[in-house]
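Presented below are the structures under discussion, each in the form of structure tokens.
One chain, chain A, appears in both complexes that follow, with chain B as partner in the first and chain C in the second.
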Partner chain A sequence: MKVIINKDVVLEGLQKVQSIVGTKTTLPVLYNVFLKAEDDKVFLTATNIDVTVRTSVQATVSREGGTTLPARRLTSIIRELPATDIEINVDDKDVATIKAGSSRFKIIGISDEEFPALPSLEEGKTYSVDQGIFRRMLLSTSYAASHEESRYVLNGVLLNFKEDKLNMVATDGRRMALYEEPVEFPDELAGDYIVPSTAVNELLKTLGAEGKMRIVAGQNQITFEFDDIYIVSKLIEGTFPNFRQVIPSACEERVMVEREQLLTAIKRVSLVSDKSNTVNLVFSKNHLELQASAQDIGEASETLAVKYSGKEIKISFNPEYLMDCLRSLTSDEVALEISDDLSPGVVKCDAPFLYVLMPMRVR
Partner chain B sequence: MTGSKRIQLLPDHVINKIAAGEVVERPASVLKELLENALDAGASSIEVSLVDGGRKLIRVADDGSGMNRDDALLAIERHATSKIRDSEDIEHIATLGFRGEALAAISSVSRFTLLTRLAGEVEGTEIEISGGKLLHVRAAGCPPGTDIAVRNLFFNVPARKKFLRAAATEQQHARQMFLLHALAHPDVAFRLTMDEREHHRLAAADTLEARLGELYGQDFARDLVPVDFSRDGYRVWGLIGKPTLHRSDRSDQITFVNRRPATAPVVHYALGEVYRGTVPKGRHPVLFLFLEVPPDAVDVNVHPTKKEVRFRVLSMVRDLLIEGLSRALKQPPPSRRTDIPEPGTQRTAGPALAPEALHLPDLQHPFPPKPPMPRTETVPALPGSGFTPLRGDHSPGEPAAPPPPASSPDSPWGNATFLGSVGNGYAVFAIPEGMLLLDPQAAHERVLYEQYLHQIQSNRIPAQPLLQPETIDLPPVKGDTLRRHLASLHELGFGISDFGGDTFLVDALPACLGDAPLRALLDDLTTALTEGGQKRAMGDLLRERIARAACATAVGGTRRLKPEEALSLLNALAGADMPYTCPHGRPTVILTRRSELDRKFGKG
Partner chain C sequence: MAYRVNRFRWGVNGFGARLIERCPPPWLVNRENIAYLARVNRILHIDMDAFFAAIEERDQPSLKGKPVVIGSPPDRRGVVSTANYEARKFGIHSAMPSRTAGKLCPQAIFLPVRMSRYVQVSHQFMRLLDSFSPVVEQISIDEAFLDASGALKAWGTARRLGEAIQERIHRDLGLTASVGVARNKFLAKLASDLQKPNKLTECPHTDDAVQAFLAPLPIRKLWGVGSTMEKKLRGYGLETIGDLQRCDQRHLNAWLGPVLAEHLRELAAGRDDRPVTTERETKSISAENTFDEDLHDPDLLRSCLLGLMEQVGFRLRKAGLFCRTIHIKLRYGDFQTVTRQVGLDHPTCTDRILIQEGMKLFQGLPSDQRAIRLIGFGVSGLVDSQQDLQQLDLFSGGDPAPKEALLDRAVDSVRTHYGRDAIQRAGRLAKGQGH
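Let's turn to the complex of A and B:
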């Protein structure tokens, strides 16, 4: 293949795909990005077998063809090139000659025949979702997913398409984040899909603020198509726990708190909590006091003025869990719903969002 | 045909050969039986000769009580013994042998000569047996005691003979057997001659240490620390290696139960507990241990050669070993003790060096080494009690004159002077004993590891409940263990309840365990509970995690320490429970003694 391509254009494309390129893999070709020149485009594809990301960039193609080149090295080289027009010429031994201005590189590649075949975009249920909203939903939920490999069902985010709604859920068994948005689709397209966290991370990196995204969900894989990008991911097999069951049906007390204020206050007091992390929330008349202490470190407290007239409650949470949620939200105020020191607490905001977390028991 | 199938009693010589199959496996096992007999006969000096690894000759001569003619004849009958009288005696056996089948068995598979005389008698007795057949019994002149020679072992059992190994191997086994008994009885003089060459001549020594020194060399004995711990009539004593001394196999783990070379799985378990995290994985500490338990608390009649024993109260032995050994290892290394055996010629050098070492700190003015000492001495003294900062504020005001003299002689590396860094940031110290090299990273890891562990053990552990309880099925044995400990697990932050059968409902986990896989966690937990009891279980579960945290926080490998840092680290390390290795078993310090330096410079 032989192409002339704009530096910034190809760099942007490479940056979209290269984060999926492995750093530790036994299959050498997975370190490479697959370049394919066709018509007036170069398609860039990277994969870690489970997740494949493909994008395309404009180019002047004088000879069509394909090869694979080491992704990180190629990106570094192109980033440092002095000129804007870059010529990439690949011979039939998969050696790429890259010329820009007076610089010239010869990079040894691997034949594109060794690159795992792009998963066929199989038939499946098709949904159309707004990119910006989808990204917002991922941001608000994905941090709650479990990283413990033995709980593989929880190692991702659940997309639950049901009754003209998309519910997005992630949990690690101790807290759960849920976001629901109306999405139009015929009833027969209802379905549950668990998208692995690696694919979620790719989506978060590449999704734009606006425009539509097409989701094609098959039996074992799911494809996200937007702008010039395809992300194809395997689905996590298994049944996601019944998330509705976890949501408390009622609460005894409800209090509105400034999100930013609460977040920074927790951040401050938790500076003195130790490994077994707890922060106490003490609710009393018009006051919310945050306390943290550790035997060998010391203690801290901070009082927020809130509108509260309910009973006195002292409840302990893992500050990280609270901060994860508060950080991901954008609304000015959040509602905390609690009942007593042992029942789950709930965080809500003006978006269709819900966060359930279990209080810690301290004896 | 029917005749040959009928059940009938076997003739004695057949029974003896069958017994020989159990008792007499190889020359070493013959030697063992003979040595035990000699020791049971109250010998004060025992001579052992082997020819061709014992395949041609095994001879054990003692100066014990000896036998008269009738007893000697009886001794070679099966189940004839002077050591027990009735079945009740088996319950409290204080002698080494008792089964009364050894001589009969040995004499049935060899050419056997027994020469014995009672001390008071005029003449002795000589009995010769070949392959179980009594050749003759006659009066003979001999010194008091018993002298047994076993020639051509297995000459009449070709099948067995074929399985004997090369002379060198058999000799090695026999020698090990000899060592075992020589160690167990330092009060008895031993001599070992192999193929006409004298290998060991051990005078009756008074202590195990002296005997060990004779057998293994004095240098070796220096890396051992004494153990002596008793409780409720159980006692463990002997010498155990510092964690820096380890081997690829268990051959230098010698244990005696009531002076009988024997071991039991519980001993290995206890060792694993005591040395875990200090001896690298797959390596084994060195030890010479004597377990003394009431005779009725141990069953030695499990194995014909008595290699393994069984204890009535397993946990008793386990706890005794773990506590006794841990205490011994935590004691500051008794540096003075090892200095004493040094030859008298060193006497002038000793006092000359010591004051010099004491003076150096004052001369090396930039940092007075004393202030950091008391401060860090207090750190390990009250880890987890949480008020180290307060103490820290206290000490600079008053440079604490009394503590340093009081504490430094007790600390293992008292009066250390920091000389500088070498190689990858290793700190070099001069100490009265010689020169000390310290790996700051490993040392810091050890100090932090113990602090963290202590914090976790002393703090209340908050429980993190789960959104939805999970049910876990366990195998019945593990289920039982778990059920018994539910209450104490609750204290550790686990919310586990019995769900009927062997199913458990888990609704909370200790917060410090994070997002751990539940099933594997409960599996490990029950194993830890079974083996170590509840107290250790939590430490076990967290050990790796804490070690990793310690590694992450410890000072970098190649940074050069400032003098104050180096001294304070050394002192903190000295206060650690297990100062010699990092949590992963790498050494923290390397000590080169003065005597070793002298030797290397040719002044030894």
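Let's turn to the complex of A and C:
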């Protein structure tokens, strides 16, 4: 294969795919990016077996063909090249000669035959959604996903297509973020799809603010197709817990709080909370006091003026869990709903969003 | 004599399950008191006679007057744990192979070790001692030190107290004990061993008399002198404690090094300032295993480590404690030792978490080609409640913690009844090798 390609164009393409390239893998070819020159394009593909990302960039192709080259090294080299026009010439032994200006590199690649076959882009159940909305939904929920291997089924984001709605849910068993978007989707799409966090992160990195995205959902795999990008991911097998069941049907008390103000106050007081990581929220008439203390460090408190006329409640939360949610939202105000010190708290905002958070029990 | 805080290590572990010395008892604070008490016989060493055998004889009166051996039967591999005085007449003693014992005395009655019964009686023994003095230090299942300082007013002398204890042991437990009375622990233990069974031996209390008392005794009676050391000392012509007393200090320093020489000279002069300690606060729990041959195989190492983790978890739960920190320790064939530790988010006593975090530590150790001589696992930062704070779970049915606690409890109970290896994780069976 022999191509001439623009430096910035190819760099942008490489950056889209290379984050999926592993740092620890047993299969050397997985460190590589698969380049395939066809027509007037170069397709770039990287995979970690579970998730595959493919994009294409414009190029002048003088000889079609394909190879795989070490992804990180290739990206660094291209980033540092002095000229904008880059010539990549790969011989039949998969050695790539990269020329730009007076620079010349010879990079040893691996035959593309060793690269795992691309998952077939099967024509499954398709659905189109706005990239911006989908990204917003992912941003509002994905942080709540679990990273514990023992909770494998929670290591991703659930797409639940049900009754004219797309519910996006993530939870680690202690807090749960839910975003409901009314959408029209073909009936056969109805169901649950758990997208692993690696694919979600890839989507967050590459999704644009606008434009359509096509989702093709298969039995074990899901494909996201937008702009010049394909992301094909295995789905997490298993049954996601019944998320509806943990949403409190009604909370006894409700208070509106300035989101930014609450976020910065929690950030401040939690500076003294130690590893046990707790912040107390004390609700009293027109006051919300935040307290944190640690035996070996000291204590901190801060009072926010709020409109509150309910009963006095003192409830403890993990401050990180509260801040994760507040950071992800954009609305000026959020509603905090609570019932007592042992029942879940709920954060709501003007979007169709809900965050359920279990308190810490003080023994 | 300055009051010195001693630190001891116990058990097999090197992580140092330390027994922290309690504060000096109030009657010891005054300096003159200390000097005075150092010269008064106030320490008792109470040593039960042929403890295991005596319990069997008491429980089965038909055994009375017959030679009884507790330990492996004579037709099997194994050793004698305890022999009663009848059996000792035939030359049978502890740690002797059972086969040899069977040949020495074919009519001896061999009984298996009923450890739980002996532990039960040991508790009764300790409770009995506690009723005489608040300062009692148990040093093994059948012996203890007792500091009589506070009880002297009531009993007059330590000897009288010792006699009263012997009487009570005989009356309440139906057993006999030998008692040593002396001014310190070393002399008291030595004294109790001089006349047995059911005898009380009081050591003289003036410096000169103590020296004279010690002089004829063989050198191995000194605390810390085992068979190897005995051989070495004999090589220098030191047979009795008296030889050591007369030995030139410079020679001794040159032969043994200044630290050991000083230790032995102090003991030979009858000086020992270790106090009787009562409170035993467990600071850490650990277990380690030294391999017969240095090991390379990571699977075997992992399987052994798993066994140690289960042991430590068992002891942790038995003590009703939770740990905040876990440690692992590796010693290579060349004796270089590395340790790693990690703090946990929440105190735990669950095997799964100990194993999960411990294995992460193990995997994080630099892997090199050196063979491993010893592997150890330990926990510290012990607290008696899991946490002041507990993060509640949304899907409580999905929370593994309560189920895991049940599982651990079930496994512990199997181990309590049927032994440590009655039930084990499959991972310990790596390559058919258990530990």
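The working rule: the second predicted complex is superposed on the first by the 362 of 363 C-alpha atoms of A that agree within 3 Å, B and C clash if a C-alpha of one lies under 4 Å from a C-alpha of the other, contacts with A are read in each partner's own complex, and residues count from 1 in each chain.
Heads up, the rule we're going with is that a contact is a pair of C-beta atoms (placed from the backbone, for glycine too) under 8 Å apart; a residue touches a chain by one contact, two chains touch by 3 or more.
Source: prediction; values computed, not measured.
Novice: With the two structures overlaid on chain A, would chain B and chain C clash, or do they fit side by side?
Specialist: Overlaying the two structures gives a clash between chain B and chain C.
Novice: State whether A:R174 touches chain B only (first), chain C only (second), both chains, or neither.
Specialist: Both partners.
Novice: Please work out whether A:V356 is in contact with chain B alone, chain C alone, both, or neither, and reply first, second, both or neither.
Specialist: Both chain B and chain C are touched by A:V356.
Novice: Check the residue A:P241 against both partner chains and state whether it touches chain B (first), chain C (second), both, or neither.
Specialist: Once the two structures are laid over each other on A, A:P241 reaches both partners.
Novice: Could you let me know whether more residues of chain A are touched by chain B or by chain C?
Specialist: Per-residue touch count on chain A favours B.
Novice: Which partner does A:H147 contact after superposing on A: first (chain B), second (chain C), both, neither?
Specialist: First partner only, chain B.
Novice: Between chain B and chain C, whom does A:S316 touch in the aligned arrangement: first, second, both, or neither?
Specialist: The answer is both, since A:S316 touches chain B and chain C.
Novice: So, does A:T278 touch the first partner chain B, the second partner chain C, both, or neither?
Specialist: Both chain B and chain C are touched by A:T278.
Novice: Taking 331-339, 349-357 or 367-375 from chain B, which overlaps chain C after aligning chain A?
Specialist: Stretch flagged for C-alpha clashes with chain C: 331-339.
Novice: Is there a shared patch on chain A that both chain B and chain C touch, and which residues make it up?
Specialist: Common interface on chain A, chain B vs chain C: 150-151, 171, 173-176, 241, 246, 275-276, 278, 316, 318, 342, 344, 356, 358-363.
Novice: State the interface residues of chain C toward chain A in the complex, per the touch definition above.
Specialist: 343, 345-346, 385, 387-395, 398-400
Novice: In the complex, go through chain A and note every residue touching chain C.
Specialist: Contacts found on chain A: 150-151, 171, 173-176, 241, 246, 275-276, 278, 316, 318, 342, 344, 356, 358-363.
Novice: Flag every residue of chain B that touches chain A in the complex, lowest number first.
Specialist: For chain B paired with chain A, touching residues are 384, 386, 388, 452, 455-456, 458-468, 470, 491, 493, 495, 508, 510-512, 515-520, 549.
Novice: Where on chain A is chain B touching in the complex?
Specialist: Listed in rising order, the residues are 146-151, 171-176, 241, 245-246, 274-278, 295-296, 316, 318, 342, 344, 356, 358-363.
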